[in-house]
Amino acid sequence: MNIYDIIFYLFAAITLVSGFFVVSTKNIVHAGFYLLFTLFGVAGLYVLLGADFIAIVQLLVYVGGILILLLFGVMLTNKITSVDLRSGTSYIIPAVIGVGILWGALTAVLFKTSWRSKAPSGMDPTTSEIGRLLITDYVLVFELLGILLLVALIGAASIARRDKE
Amino acid sequence: MLGFPILTLLTFIPVLGMIVVLLLPNDRAKEIKYTSLLATGLQVVLAIVLMMNYNFNAGGVYDESSFQFIEKFRWIEIPGISWLGTVKIDYFLGVDGLSTPMVLLTAIISFIATLSSWNISNSVKGYFALFLLLDTGMMGVFVALDFFLFYVFWELMLLPMYFLIGIWGGPRKEYAAIKFFIYTLFGSVFMLLVMIGLYFSAQETLVDGSKVFTFNLLALMDQSNYTADGILSPFNPNNIRFIAYIALFAGFAIKIPMFPFHTWLPDAHVEAPTPISVILAGVLLKMGTYGILRISYPIFPEITRDLMWYIALFGMINIIYGALCAMAQKDFKKLIAYSSVSHMGYVLLGMASLSTTGINGAILQMFNHGTITAMLFLIVGVIYDRSHTRGLDDFGGLATQMPVYTGFVTIAFFAAIGLPGLSGWVSEALVFVGAFGVDIIRVLTMISALGILLGAAYMLWTLQRIFLGKLNEKWNQLADLDKREYAMLVPLAVIIIFLGIYPSAMLDIMNTSVNSLVDFLSNGSANFTLSGL
Amino acid sequence: MQEITFLQLSITVLFLPLLSFLIVILYGKKFPKLYLLETGSIILGFALSVLLMIFKISQQLNNTLSFNMTWIDFGNVPMLGHLKIELGIMLDNVTVLMLFVVYLISMLVHIFSLEYMRGDRLYNRYFAYLGLFTFSMLGIVLTDNLLMMYIFWELVGLSSYLLIGFWYEKKSASDAGKKAFIVNRVGDIGFFLGILIIFSAYNTFSFAKVFEQIGMGVLPFDSGAWLTAAGILIFMGAVGKSAQFPLHVWLPDAMEGPTPVSALIHAATMVAAGVYLVTRVFVMLTADAMLIIAVVGAFTSFVAATIALTQNDIKKVLAYSTVSQLGYMIMSLGVGAYAFAFFHLVTHAFFKACLFLGSGSVIHAMHHEQDIRNMGGLRKKLPITYLTFLISTLAISGVPLTSGFLSKDGILAGTLAFGSLTGHWLIPAFGFIVALMTAFYMFRLVIVTFHGVPKNKEKFDHAHESPFVMVMPLVVLSALSLFIWYTPLPHAPDAGWFISDWVKTPQTVVPENLRFDFMKSSAPGEINGEVVHSASYTEALHHAHYPAMALSLIVAGLGILLAFLMYQWKKIDPDLVAGKVKPLYDFSLNKWYIDEFYDAAVIKFTLKFSGFLAWFDNTIIDGIVNVSAVITRLASKIVDLFDIYIVDGFVNFSAFISGFIGLSFRRMQTGKVQTYLVFVVFSILILLIIINPF
Amino acid sequence: MDLTNLYYSLRLILPEVIVSVALLIIVIADLILHRDKKSIPYIALTGMLAALAFMITDLAQQGFAFIPSKSQHMFGMVAVDAFGTFFKILIIISSVFIVFFSNSSLEIQKVSDRIGEYYTLIYGMILGMMFMISASDLILIYLSIELLSLSSYVLAGFTKLRDRNSEASLKYIIYGAVSSGIMLFGISILYGISGTTNLMALNKFFQSPELNLLTLSFSLILIFAGIGYKISAAPFHFWTPDVYEGAPIAITAYLSVASKAAGFALLIRFIRTSFVAVVDAQGNWILFDFFDWRSLLIIISILTMTLGNFSALWQNNLKRMLAYSSIAHAGYILLGLAVLSVHGLIAIMVYFLIYLLMNLGAFFIVMLIADKSGSENIDDYSGLGYTSPLLGVALSIFLISLTGIPPTAGFIAKLYLFIALVDANMIAVAVIALLNTVVSLYYYVRVLKHMYLTKPSASTSSVRAVGINYAVVLILTIPVILFGLYFTPILEFVKNCISILSI
Amino acid sequence: MIEVGLTHFLIVSSALFSFGIYGIITRKNAVMVLMGIELILNAANINFVAFSRYLNLGLSGQVAALFVIILAAAEAAIALAIVLNIYKTFDHVNVDEIEKLKE
């Protein structure tokens, strides 16, 4: 077991344990923080997979953006003074059964599959290559994403803003 | 032939009338009524013109050249979609001996029903618009020679009928209307499926020699047109013609209505307003039997031959069952409705014989039942208008109060009973003559003859309960017939008596065609002999 | 006179009453005197028919004239060739005689009715109906084919219905009309089926053509049994119309109609139509068919006679006696005594019409009292009526010098001959017993009505002889009940022109193996110009003649004596006798309980059954069939009948399932998005299992 | 990717470019026109008509756009073909109608100060749908679905007027996000198996003998769950009734027609390009045998139509009833796809064309009535046929057409569907579909019953719409009748549009 | 323990995916449901990146992951806007209590 493996298990553990707590803790704020660890762990996994740029983006966008957004969401949708930040649960039994089977099936399937994996090459920096791809092969997706962000922006603003009455 | 498209005019004059009616303002009830009367009147005139120019020696049925007043235009033509080749649907109208009596019947009954609609008072405009649309649908069914066109006309009537029962009907009108609608649609979806199946199984050769799939009924009757692998092709060893036949037959049987699909009929009749009952019984029921003769028989002759016993069986059940049910009714209209079930059984029985006399009798019975039942429903309408009740036991002794009315009732009742000299008897007799001649259905025919007895029993009982005996003092204010009611009843009575004495007037029209049909049905099967009677 | 003139004349004679009927029925309201037109046309028709008869018998005695036209032409029918249905008329001696009889009685009844029905609200319509009846009856008489026979058969039924129920405000009258029509229909179905057999086999309705083909050995469906069946089925028509057992029940009830109608229709003419029908198809009856006919006739006459013994309504007695006499005629045909059957038909028509009109006169005089127990002593008040009534009674009882003696004697001789040839002795036995009873109950009627002391003084005092127009028909008819019109010798029916010249037994056409032995056509014999079947039959008849005469005289005398002993001289107390054989008496009084039996077994059952079917139709069929009932349930929901059906317990399995489907679909839509997601997860899993690639 | 490729590609996706530009113009116009935003709908309309014009003139255009530079095959991310153009035209046409709908809609008028945002989002939807239709790369597909979805999430709750708008929006986004997440997960697995996200390349890959069948099926089902959600096929339909009921009617109509059409186009293209091994002479699609699409589609479609119809029976809210009815129609259309032949394709396209007219028409009238009476409840339709005759008649026509009774266009749609089914010998399925049609009659006719068979009550409003609304109603009604009687134009049009770009 | 390979990453991703679904179904609070969605997206992303590396597919997987991350952000923004809107109208954000539209 080399250092790579140890690091993997570490990140995998962080990801899964915190991921588990995200969905099982009662306290919403705690869940937010667990999510932070999960996202962080995933970023770590990205690094292990040689995706340095993605890892950075993960940290920037997820941790820096989405998570903050979610926490804002938590704050804005709870009366901090009156309610303890707890959230109930529902459908535990069907969820456990369904998700359990799903997980089992998924794992079984993924295990049984003989992936045509090749030995991974070395870890080259990916940033410049990704940048090049974004404006060549993926230029359409890239541009479309731009429009999507614009639309999302307008949409979110439109729906969230307080109407003047 | 005539210099103008008489069948198109016959079919679409009501639509023109409907447009005029729709353009008239709501409050011009009188004008609306006269417009409808004019439209249906014109139809009668055209029908008479058609009769006068009719060639009695042309067979029709499966032979396009001997159809009359043909109008054939390409309606839909879409060249070359995928491997299907050209899709074409014709606007194909024509009449022969099977349809001409029905065209006449439709024209006459529509006219009389218009007259009987005179005292409709709410939503006059809507009523007559729908009524005229219904008229077009009915007429169209009887003149269409393209399956697709036939189907369109067939379905065209559903909606007007639904509204006419549903809006202007009796207390349970909504139930009756939806029941009618669902039943009929249920039947027609199967018809649709068979239609599509047939479409894929036969190819018509066009003038230019190309072969296209077709809805043309006459092309579908010609077995040489069928492809080798069509699902309804006789050449395909795995064909499902039998199932298709049953499905198609069920579609028509619901309309007839054949036991056990008949339960919509009493409800629809009882709830419908009088003119609509007249139309329903007078024309609509005939569409089922007409469809069988026009489509099921010639397209599936071999299955028809195999199943004739069963058709006769259902005919017999209809006759007996309908009569027994009628006997137990306490509502005048319901009784007449069940008597319709019984009388349509004779049509089935006659058709099942696959013989000239039997089928002639069946078609004549269709016509006669149309006029007789129309008259019966008008009679119910007259009494209901005056007394607002239809309970058989509420009346008594009306013969004293309304002698002329009673006279008409007597004519209609005895026609329904099958008294010689009145039209109903001739057709029933021919049906029996035809059916009795076929050995395999002879026993069924003999049992069916009980219907003659039962018919007399319930009709006379009804006559007694309503008209004979001491006058129920409650009704000593009832007036006898007025002019409009005379105008409705006299023509029907005249037709009934005239055809009773001189049935050839109608039989000559259909005779050649029926002979062709019988000939066509009996061809090509060595181990099967028809009595031919 | 040209042949064509005969036919034109007969067609005129046929349609004359119809024309007047139409005019009277349409304009009767406006012109109250139109009944005179009707009566006039009948008188004219009578004159013409007399003319016709005279010319026919004088000029064309042995010819059959016929005329027909195509009614329906089916063209060239596949496998059959040219098929058409023809209607036509036929004139032979029997026809013209019947024409005369019908017209004569019809005319007399018209005249009688002028007075009898005076003051009735629907006076004109009554005469119109009589016209319609006359027309229909003439149609039966004139037709040359079975189809037309059936048509007029039914029309006769219609006019009978109308006339029986003429006083429709009386429930009993309208009931009786209905009963007559429906009971007749039972017979008619048989008749119709018989016609169908004939047509199916020979493709024609014409008597002549059918007989021709049978004569050539063509059998229906290649089987003698079918020919027998055809004969019996056609005879069923006669059973209905001629009121034979077991369909005789309508005739007594038909007495609810006006009495002249009873005379015309239910005594003289219409009921004889059945006999007439059998004479028409006589030549195609097989041995089996004839035997059945004979037995039915004999039994009917017996049953009716036993019932007539105890009836107290004057018209009911006459009605049962009619049934009994019709049974005689039928029996006579059954045993092959064709000519005597027809002879009896004619003689019976006259004397029975006379009896009925006489009873009408009595009833008229007694102000519509019909119970003989309330009469008595009327002979003084109604001398002419009494006299004519008595003559007719003597005729029906078979007393010498009357026409009845002649015809009855012939029939009895026929039965004796039949018994001797075939060993069926029961039939003549019935014949003689009935003769005894007939004499007895007829004289009982005469004695109780006209002799003795009046039971109802008040009515008696008001009674007086009827006016001329009513009495005249009685006189005419009673005169016709004397022997002289038929034969010169009072003891020999076959000596006269009627039997020997006019009415000849036709030669049967049935294949030899289906005939009675004595009808095998080896050597037709002849006595006094009468040709009957074969030499052996002729001989048997000859031998039977005098025994029959003697026996019938004895039984008639016995019957009359008994009647006088019991009712005139009161030597025997009728009540005592009745008490002694109480069950038998009740049995007779209640008409063998046949009506009760029909009521319970047929009518009640049919009504119950139809009620059940209607219920069945409403609930079960409607339920099951309604598009797998799924839709019924849903439709009913839509029309808010849902609850009703549930309350009715009308829940069937498929409806339940369908409702369940709809509801469970609905239940899935909880509105909670997470529920939906649970479903999604499970759906994915299920799909994974369904679309498993392994 | 060199510049010629880019120019070439841009020319191919010119309609999309026009739509994008129009979107930007609207955003800018919204900013400029601060006070009076009345002109924005017209700008939106102009953009749509421009795109429509381009598409109609260039119907026959086809080719791959955005071909990766290092690709061995010439498979691009976008496949432009007549089939796609057909659906895009449908989308644009329905969008045009939605502009009119929105202009007439009371709900939308109340938020007229945000009308610029509204149309921006509509355009977002259009763009998403257009790319959904022609995308031939799973990443682009996912992205376009997301673009469509994000816009429609907002639009579903756009008016914020009532609880139900917000609720619809929330349910929609949760359901949608999960579905697309599942789909994405499926895509990622498929990517792992095949090493590509391009549909054509997938087809090539499937031709290889070694496949991990189980994994493949798993991923396909996960992907199907995502598409199934878009076309609201059971059992992925649950959001549909709730969202349709909650959203503004104009948006509901749009979702039920355009969004569904895009989803179907996507599904068809997905199956046609990736899974069809060969098309035989009869036009039947012979699929690779590792995944039984036909059975899956038949099961799903029967489930969908049955569930849609039976649930619709119980609805009292007309909008909700129409939602279920649109589910049922999705079932019928899926059946057309299950035929897996050119004929089925024709049936689907004919169906959609007609479905567009009749469904939009029905929703439009329901909207007009709801605006007036404030209720979509069927009880409030009592006697409406008398108080508002024209609308009543038109609604009847649309509903009858939805049932599929001649002589309305709906019958032609059904006819072609059944023609396809019978031709493929799928009789039993056809019978089930026909029985479903009979069931559907109940709830459609129930509306007619309320409109005509019951007398107007006090709560029945008399709807007197303005001229433009009548015009819209007529524009939708007349073709429904006309195409029922003479459907050559539809078929001619569809006939020209059945080519799908594939290898 | 065997050497870390593709399968390990897939196990992590599938677990994460399952957690995500579980969270979405069970949590009442809308924001927590959103967190679940993020977990699913992350799971997919891990797949993309892992496949991209182990199957030697170049950077296409990474680019896909990049797009997904951006998309997730946009989605989160809109989702939160909607949740805020819900909070304004319903005064709470409990998903299972928002059930007025049903049946």
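So that you can tell them apart, the chains are marked A, B, C, D and E in the order they are listed, and the count of residues begins at 1 in each.
Heads up, the rule we're going with is that a contact is a pair of C-beta atoms (placed from the backbone, for glycine too) under 8 Å apart; a residue touches a chain by one contact, two chains touch by 3 or more.
Worth saying up front: this structure is predicted, and the values here are computed from it rather than measured.
Visitor: Touching chain C and chain E alike: which chains?
Guide: A, D
Visitor: Can you figure out the chain closest to the middle, judged by Cα centres?
Guide: Per-chain C-alpha centroids ranked by distance to the global centroid put B first.
Visitor: Among the chains, which has its CA centre at the largest distance from chain A's?
Guide: C
Visitor: With chain centres set to the mean of the C-alpha atoms, which chain is at the far end from chain D?
Guide: Centroid comparison gives C as the farthest chain from chain D.
Visitor: Suppose each chain is reduced to the average of its Cα coordinates; what separation in Å results between chain B and chain C?
Guide: Measuring from centre to centre gives 37 Å for this pair.
Visitor: Calculate how many whole Å lie between the centre of chain C and the centre of chain D, each centre taken as the average of the chain's C-alpha atoms.
Guide: Measuring from centre to centre gives 78 Å for this pair.
Visitor: As a quick test, compute the distance in whole Å between the mean CA positions of chain B and chain E.
Guide: Centre separation, chain B to chain E: 66 Å.
Visitor: Per the centroid of Cα atoms for each chain, what is the distance between chain A and chain C, given in Å?
Guide: Their C-alpha centroids are separated by 102 Å.
Visitor: Could you pull out the residues of chain D that touch at least 2 other chains?
Guide: Residues 139, 143, 146, 150, 153-154, 157, 160, 169-171, 174, 178, 182, 189, 192, 195, 214, 218, 241-242, 314, 438, 442, 449.
Visitor: Give me the residue numbers in chain E that touch at least two other chains, ranges are fine.
Guide: Chain E, residues with two or more chain partners: 10, 17, 20-21, 24-26, 30, 33-34, 45, 50, 55, 60, 63, 67, 71, 74-75, 78, 81-83, 85-86, 95-96, 98, 100-103.
Visitor: Enumerate the residues of chain C that touch no fewer than two other chains.
Guide: Correct list: 627, 631, 635, 638, 666, 669, 671-675, 677-678, 681, 684, 688.
Visitor: So which chains end up touching which?
Guide: Chain-chain contacts present: A-C, A-D, A-E, B-C, B-D, C-D, C-E, D-E.
Visitor: Using the touch rule from the top, collect the residues of chain E that touch chain C in their complex.
Guide: For this pair, the touching residues of chain E are 21, 24-26, 33, 95-96, 98-103.
Visitor: Within the complex, which stretch of chain B touches chain D?
Guide: Touching chain D: residues 75-78, 80-84, 87, 123, 151-152, 155-156, 158-159, 162-163, 166-167, 173-174, 177-178, 181-182, 185-186, 189-190, 192-193, 196-197, 199-200, 231, 240 of chain B.
Visitor: Provide the residue numbers of chain A that touch chain E in the complex, in ascending order.
Guide: 1-2, 4-5, 8-9, 12, 15-16, 19-20, 22-23, 28, 31-32, 35, 38-39, 42, 45-46, 49-51, 53-54, 57-58, 61-62, 65-66, 69-70, 72-74, 76-78, 87-92, 94-96, 98-100, 102-103, 106-107, 110-111, 115-118, 120-121, 126, 129-130, 133-134, 138, 141, 145, 148-149, 152-153, 155-157, 159-160
Visitor: Tell me, which parts of chain A touch chain D in their complex?
Guide: 105-106, 109-110, 112-116, 136-137, 139-141, 144-145, 147-148, 150-152, 154-159, 163
Visitor: If you look only at chain D, which of its residues touch chain C in the complex?
Guide: Interface residues on chain D, with respect to chain C: 170-171, 174-175, 178-179, 182, 213-214, 216-218, 221-222, 224-225, 235-236, 238-239, 241-242, 290-292, 295-296, 299, 306-307, 310-311, 313-314, 438-439, 442, 446, 449.
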